[in-house]
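Paired with subunit B in one complex and with subunit C in the other, subunit A is shared by the two complexes that follow.
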Partner chain A sequence: MKPIFNLIVLLIIGLIFPASAELVVIANKDMGTEGLTRKKVIDIYMGRNSVFANGKIAIPLDQSVDSDARSQFYEKLVGKNMSEINAYWARLLFSGRARPPRVIKREEEIVDTITESSSVIGYVDSSQLTDKVKVIIRVE
Partner chain B sequence: MWNKLTRRISIRLAILLTIVAVFIVAINASFIYSRSNQAGLIHAKHNVQQLIEAVRNTAAISAYVEDKVLGKEVVDGLKASDLISAVELRTNSEILSSRGVFEQSRKNNWVQYSLQSPFDKNELIGMLIVQTDQHSIKTIADKSAMEYVIFMSLHSVILIFAVVILLNYQLISTVKSIASSLHGIILGSSQRVHLHGRHKNDEIGMLASDINQLLSSVEETLVVERGLREEVESLERRFRTIFEQGSGGIALIDSNGFLKVNNPSFAKILGVDLMQRIVSYKGSLVDILTPDSDSFQNAIELALNKRTPVSIDIELNEQTEIRWVHCLISQMKNDANEPLLEINMHDISERRNREQQFKIRSELDPLTGLLNRRAGKENIQSLMDGAAKASEQYALLMIDLDNFKPVNDTYGHDAGDKVLMSIANMIKETIRSDDLIIRWGGDEFVVFIKQNDQSLDASRVAEKLLDLIQSSIKIKNGESINIGASIGIAVYPEHGFDVDILVQRADKAMYQVKAKAKNGFGYYSSALFSVNSD
Partner chain C sequence: MYMKAFIFSVSIAFTALFVVTAQAFEIDSSKFLVNGFGTLGLTKGGSDRVSSRNNVAQDGVFDEWSVGIDSRIGLQLDYYPTEKLTFSAQFVAADREKNSLDKSVHSAYIGYKITPSLELKIGRIAAKLLLLSDYKHIGYAQLWAHPSLEFYGNSTADYGDGIALIYDKPLYGGHLRTQAWLNKSEFSRFSEKLRTLEVEPSYGIISTWENEKWTYSFVYAALDFNNGDKEYLPLQNAIRAVEPIWPSSKGLVDDVALDDTTGHYYGFAIGYSDNDWVLRTEFSLSKTKSFYNDTKNAYVLAGRRFNTFTPYISAATLKNERTHIPSYQTNPFLPSNINASVATLQQQLQQYADYFHYDQQTVSLGIRWDVEPKLALKAQWDHTWIGAYGGARNQQREMSGAADTVDRFTVTMDFIF
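Presenting the complex of A and B:
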């Protein structure tokens, strides 16, 4: 019942919102993503914790600085605009303890990178999804 | 020194103002200090709060990513403040950074600030613990409060100085100049207080002009009084002269007769002996002044009771010769309103002696030295007045010489006078000294004698007289003559109460004797008439 229900919900959502508007956080298909909650995703992206539940290091990938996806991503994930995010990183840059995620300029490249490496995660438009990656969370 | 200083108004005022100011400043200062201190503490707390707020986000971020370097940065930043003595930044699991020593004893001063996740306000990710430096906060607050107090005090001191200087300039210096000007002025002189023009129209000007008016009126009064005093002094001198050098004796005695005061003339009139007695005598002056002290006492009492002066002539005691004084006694009051008597005394001895002489001269017959008719009648009358009370008897003998006219005619008036004188002496020798002998007329004599034993005395005297007169009387050139006398007798009160009647009846009896036989005597009788003749 449950998968069908989920499917119906997804369908309804898909009808209401255009497919391109939905951002999803993805990881390698082989990646153990148990317990990788939204909060965990935030922690990874904001430099707090980059370790998966299985102990592997998770490396977040960011989209290009001027992309809509990026600003949408942070807006939706942590409720901050880009200048706030930049200021956040500026403070942390000084110590060197945490670094902002690496930037991959093209969305396809992100998917490719994830496909190739099991320790990276990234966010892309849901339209970019392949069967080589899996969705960790949907950023809404 | 201190007294001298405080005698000056400006210094005293400054001291008073300073005391008041110190009092006010002290009250103000304690109030301001506590207010300011409190404000300082609140301010410090606020400052700490602000400091924390400034680093709170960064602290939250450092806690979020567990960035010790950033955490240290935050902690160091906070610790740099004087207000904070210890800081600790911790995540939920570990201490990120810590500076300073947290003392359990100062737990009250610990402030905890929770740190939320920068991305989830609901998630607490750590805390910032701060120990405020109360000592430092207090020191700062104290310092600022003290500065304020010092500022206020300085402010007050400057104000006091300004007030004192202005007061001194506006008021005290002027009042002082008036005071010193007034101090130098001699009362009654024409000097006046001077005032600068600045104060002409204000209260000080009024004060100065009032003082000047007062000085003017004092001067006028003094001039008038000086004149009056001179007048009084000259009067006093005159009165003193009158009192001391006047010929009249003046003395004041009190109502008990004690001598209070006397002038030199009084002592002179009384004489040294009497004056000494009076001075050393403890009783009333009246007792020793005069032999007739009763009359004098009466006069004094009269003067005391009556308001009009009483005059009396008295004889003085203790004198070498008889001396009389005239006294005018009048009552007066002393300052205590007690009655005093003034005795004004004049020596009238000379006048009195002269009067006495006159009296004697007017009463006596110049030839025989016997009483003349007028004086004789008076004396008889007064004896009779006395006799009426004492029921005494008197006899009046009217003696008329027989054959006297031929003596005058034959031997002249000198011989006649000599005869009269001889007969007068005979009569004097015959009768008692207290009986009266009067030359009644040319060759008439009256003898007035007191009868002890009915009419016997008169008869004996008459017989004796007739006997004597009959004997020969020597006249000039060894010649002598013989004359006789006829005597008529009237008896008081048997033959009359009045001198004239008694004389008239004795006369009648004498004429009857003369008409009958001469050289005899006879009593008056209205019916019977008897003649005894030798």
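Presenting the complex of A and C:
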């Protein structure tokens, strides 16, 4: 009887506290990350300033429009929901002010793209980390 | 004819969409962006005498329902061959009294980043006179169902053909973005019918500082008006002819023409936005040597977010001084028909001057509902007070020396794709 009871307790705990994925912003391991603070990441993803300290233009990668990771990322990074983010980017895009982050649908592909380029940053679940990329910030 | 131009514009835009999308699959889809926006709006507004509309280039509605006033669809094509180079074009099909494919092209430019912080744009560029002016057609990007007629219904075109230099720099924890431009544009005004004036050159500078929550913006622009119609010439000739017997009319010769003269425009804006509140206010002053005199307008807007709902309230004002044409004292030594002609001219000039007079205030209540991440529904009620002869921004079937009020109800569905 006791094992069944323990199983039920674990199931309830699992339902109440689901395993929360940790999102990390990553870059190529060869990229100089000086000055890449949380504020700088916000500036890059919000189209305000996309120039690295070395003068290169940063290229941010986004996840697909309907993904949970994308909603969580913006909610945790700037405290805005997807409607607010879409309205914000509509303003920037249609006034010709900034180009929205490039969308890549699969996390593995984001990691591959960053592995191949030193001017690209992206966000993925921490379980996707490899030794070819490095973490800039943890999105908490 | 207008509907034909409307459909033609939409057809062209979607043909371009098809062609570019097809090409994008062949080349590199990351370098092509095809985005769009639209608003489906239903409006009931105006009275028998005064119309409701969003700007002077629209044919307003007189106490009737309309799907044209607040409906539009737009398409933007962007191509980024390199990190420094941008090709962009935006087409907007909307209700305009004079419609054409040319007026549907809101932007078509080449952008080049000289340095990461400095960009040069050449071509047709959206006008940037006010906070929202370069995206006022994007209903989804705004809180209200339609921008204020008092503030955003002004007469300058939505775009200019020329160059713009844009400088972007981090400053005091935020970012400063400064745009200077030199272009050729248009200016619409109504006197008996819609008239379009050339504005060449138009030049100015706008500087905006913003951080996560706050936005501050200053703008100055100079506009050189050139009136190709010269419809004022008969009035000018008549004034010159009667000057000897009506001396007080002398100063009107220059004021009657909005031609070969420079207007000066000054604007200031403050915005605040966080997870709970959206607050914004703007003020502007226009100075021209014409019957417009000094025109001042302003608005305040406040919205409170409750999850997916945001109720809001705004108040707007638009005012300039009414030009009083000097009265004509009958001269007993002149024949009666001469006296009658001069008196008639005085009345005609007063009516003409009243086409330039603004005196109105509007209070608006509305609510925005974010149904989905790319779809919003809005409802708004506007109540407008118009002073005597002060409804020039609205379309009027006849001038009125009495104060008036007009109501407007708008429901919109705004989306992006």
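In the analysis below, the second predicted complex is superposed on the first by the 120 of 140 C-alpha atoms of A that agree within 3 Å, B and C clash if a C-alpha of one lies under 4 Å from a C-alpha of the other, contacts with A are read in each partner's own complex, and residues count from 1 in each chain.
Definition applied: a residue touches a chain if its C-beta (ideal position, glycine included) is under 8 Å from a C-beta of that chain, and two chains touch if they have at least 3 such contacts.
These numbers come from a predicted model, not from an experiment.
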item	value
Combined model on subunit A where subunit B meets subunit C, clash or fit	clash
Which superposed partner A:M82 touches (first subunit B, second subunit C, both, neither)	second
Subunit B versus subunit C as contact partner of A:S64, first or second or both or neither	neither
Which superposed partner A:T37 touches (first subunit B, second subunit C, both, neither)	neither
Touching partner for A:G47 - first (subunit B), second (subunit C), both, neither	first
More subunit A residues in contact [subunit B versus subunit C]	C
Touched partner set for A:F94, first subunit B, second subunit C, both or neither	both
Which superposed partner A:S127 touches (first subunit B, second subunit C, both, neither)	neither
Which of subunit B and subunit C A:R102 touches, first, second, both or neither	second
Part of subunit C, among the options 74-82, 182-190, 200-208 or 344-352, whose backbone runs into subunit B after overlay	200-208
Doubly contacted residues of subunit A, that is, touched by subunit B and again by subunit C	42, 48, 78-80, 88, 91, 94-97
Subunit B-touching residues of subunit A, taken from the complex the two chains share	39, 42, 46-48, 77-80, 88, 91-92, 94-98
Complex interface listing, subunit B residues touching subunit A	58, 61, 64-70, 73, 118-120
Residue ranges of subunit A in contact with subunit C within the complex	42-43, 48-51, 55-57, 59, 65, 78-83, 85-88, 90-91, 93-97, 99-100, 102
Footprint of subunit A on subunit C - complex, ascending	30, 33, 35, 37, 74, 76, 78, 80, 83, 86, 88, 90, 107, 109, 111, 113, 116-117, 121, 125-126, 128, 134-135, 138, 140-142, 168, 170, 175, 177, 210, 212, 275, 308, 370, 372-374, 376, 416
